[in-house]
Structures are given as C-alpha cells and as structure tokens.
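Okay, handing you the structure first.
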Amino acid sequence: MKPKFAMYWASSCGGCEIAVLNTNEKILDVDANFDVAFWPVAMDAKYKDVEAMEDGSILLTLFNGGIRNDENEEIAKLLRKKSAILVAFGSCATEGCIPGLANLSPAREVVETAYHTVSTENPDNIYPQANYEMPEGVIHIPTMTSRVKTLEEVVDVDYYMPGCPPESHQIAAVLDLVIAVVKGEAELPPKGAVIGVGDSTVCDECDRKRDVKKVSEFTRAHLVGALDPELCLLEQGIPCNGPATRSGCNARCPEAGAQCIGCYGPAPGVVDYGARLISSFASVIDSNDPDEIERILDGIPDPAGQFYRFSLAGSLLKSSKSARNGKVLA
Amino acid sequence: MSEYIFYPGCSLESSAKSYHDSLNIVCEKVGITLNEIDDWNCCGATEYFGINLTPAYALITRNLALAAEKANGTNTVVAPCSACYLNLAKADYYMREQPKLGTQVNLALEAGGLSYKPGSLEIRHLLDVLIYDIGLDTIKSNVVRPLTGLRVAPYLGCMVPRPDYEKRWSDHEHPVELDLLLEALGAEVIDFPLKTHCCGGHMPHIGPETAYEMLHRLLTSADEHKADIMATVCPMCQMNVDAYQGETNQYFGTNHKMPIVFFTQLIGLAFGATPKELGFGSELVSAKKALAKIGTAPPKTKKTRKSKKKAGLPMPQPLPTGIRINEEEVIR
Amino acid sequence: MSQLTPPVHEIEDLTLLEEVAARTAGVSRLEMCIQCGTCGGSCPSADDMDHTPRQLFAMLRAGMREESLKSNTPWICVSCYHCVVRCPQNVHITDVMYTIKGMAVSSSMYESGTASEFSQTFVDMIENYGRSFEFGLATRHYLKHFPLRLPGMASMGIGLLTKQRMAIKPTRIKNMKQLTDILDRAKELGATHE
Amino acid sequence: MTTKSNSHPQERIGVYVCHCGTNISAMVDVEDVAQWAADKLEHKGVVIARDYKFMCSSLGQELVEKDIHELKLTRVVVAACSPHLHEKTFRTACERAGLNPYLCELVSIREQVSWVHTDKVAATAKSKAVLSGGIERVLWHEPLDPMTVPIHPATLVVGGGIAGIQAALEIADAGHPVYLVERDASIGGHMAQFDKTFPTLDCAACILTPRMVEAGMHPNITLMTWAEVENVDGYVGNFDVTVRQKARKVITDLCTGCGICEEKCPKKVIDDVYEAGLGYRKAVYTPFPQAVPNFPVMDVENCIYFDTGKCKACEKFCPTEAIDFTQEDEIVEFPVGNIILATGYDLFDARRVSNYGYGHLENVFTSMEFERMNNASGPTDGEIVLRDGKTVPDSVGIIHCVGSRDMNYNNYCSTICCMQGLKFAHLVQERTGATVYNFYIDMRTAYKGYDEFYQKVLEEGTRFIRGKVAEVTDVARLPNEEGKLIIQAEDTLIGKQRRIPVDMVILSSGLEPRHDAKEVAKTFGISCSADGWYIEKHPKLDPVATMTEGVYIAGCVQGPKDIPSSVAQGAAAAARVIGKIQQKEMALEPVRASVLEDQCSGCRICNDLCPFNAILFHEDTMLSEINPALCQGCGTCVAACPAGAITGTGFSNEQVLAQIEGLLMDMSV
Amino acid sequence: MTEKNDFEPTIVGFTCNWCSYRAADLAGIARIKYPPNVRLVRLMCSGRLDPTFVMKAFAEGADAVMITGCHPGECHYLEQNYKALRRYLLLRRTLVAMGIEAERLHLAWASAAEGIQLAREITEMVERVRTLGPLNWHLNGSQPEVVSEAAIELEEVAA
C-alpha cells in the first residue's frame, strides 16, 4: 500500500499548486509512489474524510498559504495531527508572502477595501456575516483573524520550502528526495530545515559583474534609459534584493534584467529578512551628509514594500502598528 | 532671459527714483526681467524692530508670502535697497533659526489669509545678481561708453555685506564685487577703505552730530583718495551722503563736494543711456563736473596699496578674493 | 541636577538676561559674551553711547533692569552690523539692541524721546499707509524735535521736493485691511509672548 | 523560519552581585537581585547567585574561583561596576580557575544604575533587567583565545620638529632603530625659525641645533628629509610603510654642503616657508645655515633651467658634480612596529581677518614674520624695522588672540599667543625702545616662570589694553593719526573706545592643525577632532596614545602647545614605544569578524565598509575574506552583510539578540 | 492623557564602547541623575548596530529605541558612525511606514566626555516617549483574536 500524500491551499493565490503541476511528468511519480489522500485542487475530498484518518497517517503534506481565517487555522491543525511530515510549502506558508502585506492595515480596513470601495459594486452595503440564518439552517463562514500568520505560528512545522512559487525543479528534487526516503534510499534532512533551496543568496547564482558597492542614487529599472546588461543591478542603483535573498531560483529575475524582489526569503540563520536589506542598502550609500542621504533614500519610496514584500508576516514585527491597533485585547 | 521676483521698496518710489529708473534700463540691457510683487508693503526699515518684534517680522513676511504666491519658475527675490534686502533676508533666516518666531509670524499672516514657509525663497541683492548670475563678461560686452578717467569710490554701506546670513559676499569688511563691476565699466576704481562703513543710518533724524561725524569720515577719506564720485548700492547711503553733505560741511566748516549716485546709474551711462533717463540731476550735490571727466584720461590700471612695491621687505600676497564667477576664481 | 531640568519658558519667571534672549529674534547668544569689547571697539557711534554694548550686556547679566533700559546705547546703534560679524562669540548684538529698544518703549523707561518717537512716527506711517512717507515723517518729526534745524534744512527739503525725490502725498497699499489684520494679530501674539 | 534554536547545552552559570560597599547597595536591593536570579533564572542555568560586599576584592575573586571549581561553573556573570573598570579583573579570576576568560560577563549596576537613579524600587528592577540581559548573553559566549602578534623593533617618527626629534633620540638612545621622516629639506621645524624662546629668552638655535645634529648623526636614526609617508599598511607591531623620497636633484653622496650652488644660482625667490615670506632664497637652497642635513634641494618650479632649458649655473660650479637634473622621486618601503606622529601645526593665516589689514596694510606683520625679522640670521639681520626695510618703529601694537578664541575662525585658545605676545613686547622694548601696546582678551600665563615673565614685561612699561582689537586702519581722523596705523579697540577697563596710532602692528596669530591633517590621519588610521587636532586615547590618562594600537602622537599635532610640553610629549611617546618594543610581542583582543564561506555569495557589499582594509575579495572564488590581524572588531561589516554571512566574536548577533530578550524579560512572571 | 503620564516607558539604548558607553559611565561617576527607563546594550561601535536589534527590541516590548555613537568625524573606527547614521535614516523610514512613530527611534551623538549631554538626551527621550504612550508590541497580535462585525463595531466606537 502506497504512503499517503496531501496538499492544501490556505490563504494564497494557488500559484504553488500550478508550480507542482509544472513539474510535468514528475507528477506521475507522485501518483506512482503516493496515494493522494487529500488535495482539494486536484480531487474532491471532504474535511470529515481527513478527520476520519488515523493521526500521522499522511506521510507528506505540502501546506501552501498563510493563516488568514479560522478555517485556515483549523485545517492547519487538522493536517498537522494527521501528517507525519508537514511542509510549509511556498512563501505564503513560510513567511506570509503577498497576502501578508495585508498586515500593513487593520483587518477592518481590509474588509472595507474589499466590500466598500469605488471598485466594489455593493450598493446595499452587504458585509459577510459570520453566521447566517437560512431555511436549511445556520450557515457559518470563516471569520478573519486579526492578521495574516505564517504556518509555524499556529502549528509545528517540519520543513520549510520558500518561493513564490517554489521553482518546479526544486519541487521535483524534493519529491525525488522523499520518494528516495520512502524507498529507504535516502535520509530526511534534520527537522526544521529549509529545503529546495541553495545555502547562500541569489548573488551566488547571478552572473552579473560586480565591484565594491557605492550607491549615490536608488532608482527604478523603467526610469533608467538603458541598464548595463552585464553589471550588478544594485550597483546601477536598482534596489535588487538578491544579496539578501536565499539562493535556489537560479537568479531568474536579475538574470532577466529585473531586480530580485525576494520571494525566496532570507539566507540561513537570518532572523529578519528586511532588516538585512535595510542594513546593507544603507551601508553602501555614498554619502555622509544627512540631507544627501535622505535625498538618496527618496529613491526607495515604499520601504515596507521593498524590504518586506514577501516576509512581513514572518518578520520580527509581523505587522504594522495599526494592524494591531496598539490595543491589548484579553 | 532670466526672471526674478522684484521688491523695489519705498525709497525707490520716491527719494531713490533715479535708482529705479536706472536699474530698469540696466536690467533690460542684460536681459533681466523683474516681476514686481504686487501690493508689497514697506519693510519697516530699521525702525519697526525697535517698537514691536512680532509685527515687525509679520510686516516683512507679508511681502515674502505675496512673493511666494506669485513665484512661478523663479524663487529668487531681488531687492535693490539694502535695508529691504537685509530685512527680507533676516526674516527668512530667523524664522528658520527660531521656529517659534516662524510659527508666530505665520499665525499673524493667517489673519490676512497668507502664510510663508521659511527658506522657500532666495533673497538677493541686485548687485549680487548682476555679478554672479549675469557676470562681468555680459556687463563688459554691453559697455559702449567706457567710464575711463572717472575716479569712483565704491560705497556699499553696511547692510549689503553684513551680516550676510547666506555667505553670499566675498568679505564682510572689504568685499570686491562692486569694485570689479565698476572696473568692468572702464572706470578707475579707488581702493576705498571705508567702503562698508556706516553713513549714519537714521542718525540724521535722531542725533545729527553723530551722523555728521560719520559722513565727515567718509567724505574726507573719499577726497583723500581723489575720488570724483561715489557709487552706492543703497538709497539710505545715497540720501545721507547727498542730502546731509551741506549740513556736515556747515558743522565741520569743511567744503566737501562729493557727488554720490547709484551704481546702476553709472552702469547705464557706460551702456550708453542718456544721463537724463538715468535720473542724473536728481542728486543734490551735482555729478556734472564728475561726469565731464569721462573719457578725458586713458584707462589706468588701478593703483592699490597692495601693488605698491617699494624696495625693502616683501609684502605678503593678498588672499584670493574667494569670489568665483562662472567657475573661475577672480583675483584682485 | 540643574543642567538636567529643562529650561522654563514662561517669560515672567525669567531673569532680565533671559527675558532679553526670549524677546530677541533668532538666538541672541547673550550668555556667551566673553566681554572682549570687539563690539565697543567696532561701533562707529560708540562715542555718543552712555555705555558700550559690552557694558550694556554686562548690565543685563547683572540684572540692572532700569539702568540698561534707560541707556541710550540701543538708540544710538546705527545697525551697521560691524560688531555682529566681528563678535568672536557670534552674539546677535544688533538684534539685542532692537529688543532692548522694544523693552524700553513698552516699559516706557527710555526718557529722551527723539529716537523712540522717530521710530514710532515711522511705524505710524506704515500702519496707516503700508508704505513709508518721508515727507510726512520729516515734517512731523522735525517740527517736533528740531524746529531750529528746519531753516537750515529748508534748501535741502526744497531741493528734494523740486527734484521730485519727496512725494507730498503718501501712497497707500491696496489691501490695507489685510495688512492691518496681520499687524493686529501679530500685536496680540507679541503681547502674549512678552 | 530558521530561527535561533536554543541549542546551547545546559550551562552552569554563577551570578555575583556586588554591594561595592554601599555604592550599589544603597540604591539597589542587591540581596533581592541575587535571590531573584537564583529563583527566576534557574531554568536558564543559574546554579548559584551570591551577593558580596566587594566582588573586586581578592576575597570576592576567590569566591568566584572557588565556585568555578566546586560547582563546575561554565559561565560567570558579575553585576558590579562598569566593565571598563573590572572586566579584566574577573576575566583573570576565571582564567586562574581554569575557565576561559571570555566566558565571563560583567553587567554595570553602579555607573548605570545605583549612581544615576534615585528610586530604589526602580533601580532594583532595572538591575534585575540588566542582569537577566547579561545572563541571556553569556549563554552565547564562546571560549576565545587572544591572538598575539610580534612587535617589529623599528619605529617610524613622522615630523622632524622638536617633538619628533626628541622622540627619535629617546628611542635611538635606547638602542632601537628609528626612521625619522621630514617633509621639508631640513629637520628643526618651527622652532628653528624662532630667535628667542619664552620665558627664559634663551636662543632657539643654540638649544635646538645640537639636538638636530645629534639626530642627524645618530647610528640608530635613518633620517629621511624632503620625504613624505605615502601609505601605511598592517597593524600594531607590523606596519608596512611606503615613503616617497622627493627628488632633491642633488646627489647627497657627492654633495659636501659647500653652498656654492646656492651662491651661484641666479634665481631669487621669496621664501614662504622658512623666512615666512619676509626674506628670499635661491632656486637651489639649504633652508637655513644650521640645516640638518646640510644638503641643498632644488625648487623645480622656480629653477630657470627647468623653465627655459638654459642656465645650469649650479651644475657648472658644483665642485663635486653633485647636481643631477634628471633625479626622480624614489619610493622607499620598510617595516616598523610602532609609529609616532609629530607633524606639528600650521600658523593661522592672518589675512583671513581682513579687519586687521594683514596683506593690505604694509606695516602689519605676523608673529612668524616678526620672529624672522628679530632673528640675527633673518632677512633684516635682527633689525626690527618697518616694511620699508629701514625705519625703526617708535610705537608698536601687539594684538593677541588673532584667529583664536573666535567662532569666525578657531574656537580654541592657541595657548602660546599670550606668552608670544609678551615675548615680542619685551624684544621690541629691548631692541628699539619703542612704546609697546599689547591688546588682549584675557592674559593667559599659566605654567612655570610664565607669569613672572608677565610681571617683567609690566615692569618694562609695556601698555596693556584689555580689549579684543576691532580693526586696524590707516584712515586717519585726527592729525596725530596721519601716516600711522590706527588700532581701534574698546579699552574694556574704562569702557571707552580708543584709537591708538602706531607705526607697526604685530599679530600674535594662533595655531591651526596642518592643512592636510585629515588626510594624514586617514593614512595612519587614526581619528581627528572636528577642528583637525588628533584625538588621544584618553585626554588625561593616555595623552600620547591613540585609539589605533601602535600609533602615538606628540607635540602640536595633538593640540596647540609650547616647546616644553612638546618635548615632554615626544619623550612620553618614545617611552610608550620602547615599552612595546621590549615586550617583543603583544596580545590583541580577540574581538574579530569572520566570513562564513559557504554562506558568502560574494555580493561585495561589505568590501568598501572597512576603514582598515581588513576585507579582501577573492575574484577566483568570488568570496570575501577578513584578515583577523587587520580587523579592529567594530562589527560594521557583520551588521551590513545581507546574507548574515559575517559573524563577530564577542558581539555576535546571538549574543546581542539574547541580551535584548533578557533586558526586556517580563519581571512579573 | 493622565493614563499616559504615569506610564513608565521601557527604552533600549545601544551604545558605542568608546564614546557613549563611557559617557554613561561618566554620568555615573559625576552622579548625574536621569530616569531609570533606559537599559543599555554595549556594542563595539554604532556601526555594529544591526537594524535587527532594533526590530527585536520593539518586538520584545520596548517602547522606544535609542542609538548612540561618537560624533560625526570622531568615530573610534574612523567613519563607521556614518554607516550607523545611514542605517538609522532608512530604518526610521521603514518603521514609520509600519506605523511606528518616528520619535520612538532616536539617534544621539555623545563623546566619551559628554556624560551630562547623554543624561539629558535620555531624560528628554523618556519624556517624549511618555507622551507617545506604550507600544506593547509583545502583547498585541500574538494570540489569535477574531475580528467579527461585533469587534468592528467596537473599534468604530473606540475610534
């Protein structure tokens, strides 16, 4: 009998699922070696079926998406109970990713934005109701948590696999590994390991020429006439997050002339991804004059977005002050 | 064609009309457009501060507020009168140095529906603009009637070179800008040691004797240096030296006949304008005799004590003026 | 620890020196005076002052309110700023002089009225017209203070008039109301601040 | 994510809270703090927490050592005074007990708690917080071994003024090699320009020349004049020095110093250096008769041959064919163990005070001009005369504090100008009998024999006017002012403005840091104050050392001072260096940064951040590496590395983050 | 308001081993008094200041953070305090973008001789933060709190 495989999609865009399918024929190996127990995107399944399973009976669960509502959290806990190996799969699950940027505003504002802005057609001001009386009975819909949380904030996680989405070749490699383990041909990495990545940063995989760094202006690629195709983007004033971002993606973006935006998260051992970038970018500013420095920094109009685009929910501060209202709730 | 916001100041409307007329002619020649602040008010001269601080600064700043409103393209205010120049500059500077003053003044301006953000305008004197924006080359190129043979005493008075909050001038005691300008006109510029000393300010009205003493010092020194005429950048200096020369002579039993005119009148003359349109003749001590000397003597290279090299011990080289006009150091 | 208690800002609690500092535009730096005499040495009208600026500052420090406000020194000051640019301690001397004038006027300490009244007349003109009005100023001021000088000055006056260098009629700015409102508000604020 | 795993094995921590007599216990409930640590921080590994009257006493230290032995402590935290006082004490105690000294942490509850707070409850709470911070931190400490470096016996002394000469002689006499590098053609510095020295009025040349000659001939001193230090690499004990030996155009091995070349040279030039612009020299010249070495140098800018291709008079007449127009600069490299900077000062440029008229009014002179004029070997053969070269002045005004104690120029007091002004007053009186006026703000005549000198000058009838001079002018107001220089000042003692007509004005100008002080400081890796004076390690207790190990300062480079103090500092710096040399090797704090190779992506962000050039980049491996000997341990690169690939011993991320956690520990729990 | 004024802020101060830490010692030796709200961390140089430390301090419940170093041009390591300055300016922008008042992060220069100045800086900082009120990052948002319409209404009332 084949070991069970599960994949779940919480607060995320679904790109991770596509990335898994992008492994092409490798997906057949999954089918060949696993019995897919639970994968809402791929096949119909009910939570109660999972609840019915024996604890730890699912060998491998790839959990993608962050925790934005009580349903996400409930299923996360359920799958934790039922899985032997729980992988935080993709940027959302590991560090909150783009949905995590919602942590810059209070949950209420998020709801407002969704249900009450010019772009919303909602004449009768209908808001989602936690419970709704229907002739068939009361309907419950998931309620939002105050902020987006990473998977590890709500359950114990075995492995982390960053990326938005994880590169298919990395997924393939991980699947191979697990299969090999199943066949008893390989060892699992130590618990808590980050898998499907390199052990350095994007620069390691980037072929661009680089010199000592002195930045006298931060700008945006589309504002620069012609970028030097050979030279390090940061040295050309493009705030490229490559230096601080975990390697493993083959430096796709910088190689293609677009700055790295950091979807692979921080390098090993790093406590706060954004802090690393703040420190390194500031360090190479080519001025000692406060006003001049401020002028140069104006080239980074949205620091929170620049440094925490993917990692806000997983950062030390996790959210903006307004998102926690500075209030202590019992 | 360079545009500036223009604050003429009260005296240019009356006692210093010749300054106004002549500077218009000169500015047109060198391609300066002056947009007068409309409905500007008096700057309070040196009098208002002594009566009541906050209104004094509010009074000045109303002009800056109006100027800032109409500032399109340029943010430079040009003031030809040195008292006005200083007061505008001072208000702008102190409102920055002492934010408390800034808030108070703006609270006052509110009452008139105005406001001014200190530092948003650049306040400069006409001489500064002519030297550093237009440049000596342009001035020279417009000279059609060199003032050769005319010995001029350059006289700036106090409030242009001092206190010089923005460090715009080459020196507080012996600035060279006016000298260079007048030389460019072909005039023979004397090294006037009292060029930034006081003309008596408001003293003629308060303690005349004090004023006479100061005027006496100026006139004596100018005479000693055989100046034909004094050229000034300040209406008050012009008024005091001109109008109270008679009384000074009476008081000391001297017989100074030193005409004093505005530097723009001399520029205009060199540019070929007629004495009449430049307002010559409005001075009380007539400049006729002086003007008659123009062209009489060939241009002399200016004699200063510096270049006076006798046998004996070598003199130290004077410091470079530190003034830079289109990127090159002008030594004098 | 005194140096740790933040400075008090209510004027009435302050000593004379601090009051002067508080009423001076910009930062007076009076407390920095080292009594070197550069100001007194530079002053073109020092001979007519009953105290040199340096002495005046010493008096302010000593809290000699009456003596310093009665002094003619600030009124003799011609605002030439020689002392200001030469002062090794960068004391804003000229502006302190204005402050003392102001305090003398508001406390009506300074007796010899000539100077203060000249300023007052000048200010009246401005408050009426928004512009200075030399003719009115001259006539009013001289009739009151130097009637004897008038004949001597007649020729000069006539000269100025004939050469159209003095208007007999004042010019008034258009938006006089705006200016008045501003000045009135400023006076209220000034009052609270003094 | 990958977070700091609390993976250090259970450590055994000893906590010691000091009463410091009552210095701490008066404001902090030390028993409570110790008790609290024992109870609340047991889970962190605290096995013993004691409070003791004087931890730094031998008994206190033994207490620690005993516990280390008996309780098998693996970490020690002492809550007492500032680590700058007793860190070493307790580290040594640990070492004696066989525990690596760097496993001990000191937290300050005296300077930063008991002495500065007034509420005992709050102070006690804060003490607990900082203690808990220290405990969290010490868990992440690692055993470290101080690195020792050998000390090269040679010393570089930069600057051949009196301070440099003194330092060089002291070290050379102790038997160690010295390189004495001087930018000018001769050693001697400013002192060689003076005539008399205050307060004893002995002749500068008479006391200086012998020392110059001694330095020139000393077997242990390599004298390099007309030379400049271009670059310094390395670190204490092992500096590599690069010196540019400027081309003299004179072959020193052949030159006998006979002076014929100078005599025959047709080109006369104003000597702005030695003669302070008051006299002339030739295009090939020895700066002054007693110059050491006595070889001339050629001033290429002014040499007729270099200008027109003709002349060569010097070459023609040189009896030993020592002139070499083709001579080029030479680069000389050598290793030294220590460096003494004695590069001195520049004289304040009095022309900047335009109201004193120097450079404008003929008969205004600077102090250095007067020194030369007054010097028997000077341009006037010691005659005190006006600029015309003949008239002897009847009255002389001496102005103190020129360019000093003035926010428009220099804020500081140049310390020597008062005595200089008094010296001038005396000399003028003695040699011309002229009436002398001294204008001063405050008369500063501290130090031995100085005020006595003031008394002497008072006796001689010099007129003292207390007031900073406002201006010097030649614009006369009264007949008696005609043709004179008028010094205008307030006589602050009578409160009146005075105008004093004199024939001659002498400006007692202040001292300034060398115009290139900041660049030089960079070359030697030391720091200067905002004005440009070099900063000593401690203003009182370590006045000649700098923050950079192995680099010392002496003389005016550290701040304006007179000859006695300069000499004293020269000797003091030498003593420090000799001490170092005799240690043969020295230990360096093992606070260093290092790169984790597999984590370094070679992004090169750190490369330009190190002022000590300790970070090098390997193009081949695309990795950055840190030279531990050059690294001073500031940790800037550690903080900057975007990949977290640089670690710093002693101040690692883990240590600091843990300390922060500890500091903010919730006390209520 | 009143509730704000009796609030005792907790401030973490990062000091340079060569200047500001010695200044703190000096303040002690001179027995200059200042409030006990600041807890100092000793670094070798303000250049060692890693923004992570600041984030950590806030996350762990500090109400404000103070960074101190040698005066510009006087750094013991020549110029590293300029790097601290650059980081401080960018860090402050980022924190502000995350809704933390700029006043909660303060950079002050203090030489080893400036005990009085440092003490004054600390006193003024404590006062500023007192009026800002608590930050309590360590308390909020850590435990899941449900935002229902009820909660929304509550907030609206509060707002």
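When the chains are written out, they are named A, B, C, D and E in that same order, and each has its own residue count from 1.
Throughout what follows, a residue touches a chain if its C-beta (ideal position, glycine included) is under 8 Å from a C-beta of that chain, and two chains touch if they have at least 3 such contacts.
Predicted model, so just to flag it, every value in this text is computed and none were measured.
Common partners of subunit A and subunit D, by the touch rule above, are E. Hopping across touching chains, the smallest step count from subunit A to subunit B is 2.
Across B-C and B-D, it is B-C that has more C-beta pairs touching.
Rounded to whole angstrom units, the spacing between the C-alpha centres of subunit D and subunit E is 34. As a whole-number value, the distance joining the C-alpha centres of subunit C and subunit E reads 46 Å. For the pair subunit B and subunit E, the distance between mean C-alpha positions equals 52 Å.
Multi-chain contact residues of subunit C (touching two or more other chains): 47, 82, 85.
In subunit B, the residues that reach two or more other chains under the touch definition are 172-173. Shared interface positions of subunit A, i.e. residues touching 2 or more other chains, are given as 271, 276, 279, 283.
On the subunit B side of its complex with subunit D, the touching residues are 171-174, 193-194, 217, 221, 305-306, 308, 310-319.
Within the complex formed with subunit C, the residues of subunit B that make contact are 10-11, 13-17, 39-42, 44-55, 57-59, 62, 90, 93-94, 97-98, 101, 104-105, 107-114, 158-159, 162-164, 172-173, 197-198, 200-203, 205-210, 213-214, 243-244, 246-247, 250, 281-282, 284.
Across the complex, subunit B is touched by residues 23-27, 44-45, 47-48, 74-76, 78-82, 84-85, 94-95, 97-99, 101-102, 105, 114-116, 118-120, 122-123, 126, 130-132, 134, 138, 141-142, 146, 149, 152-153, 155-156, 159-160, 163-167, 171, 173-175, 178-179, 181-187, 189-190, 193 of subunit C. Subunit A makes touch with subunit E in their complex at residues 70, 73, 104, 106-108, 111, 127, 129-130, 143-147, 149, 154, 271-272, 274-276, 278-279, 281-283, 285, 287-288, 290, 293-294, 297, 300, 302-305, 307, 315-329. Only residues 355, 401, 405-408, 441, 466-471, 488-492, 495-497 of subunit D touch subunit C when the two sit together in their complex.
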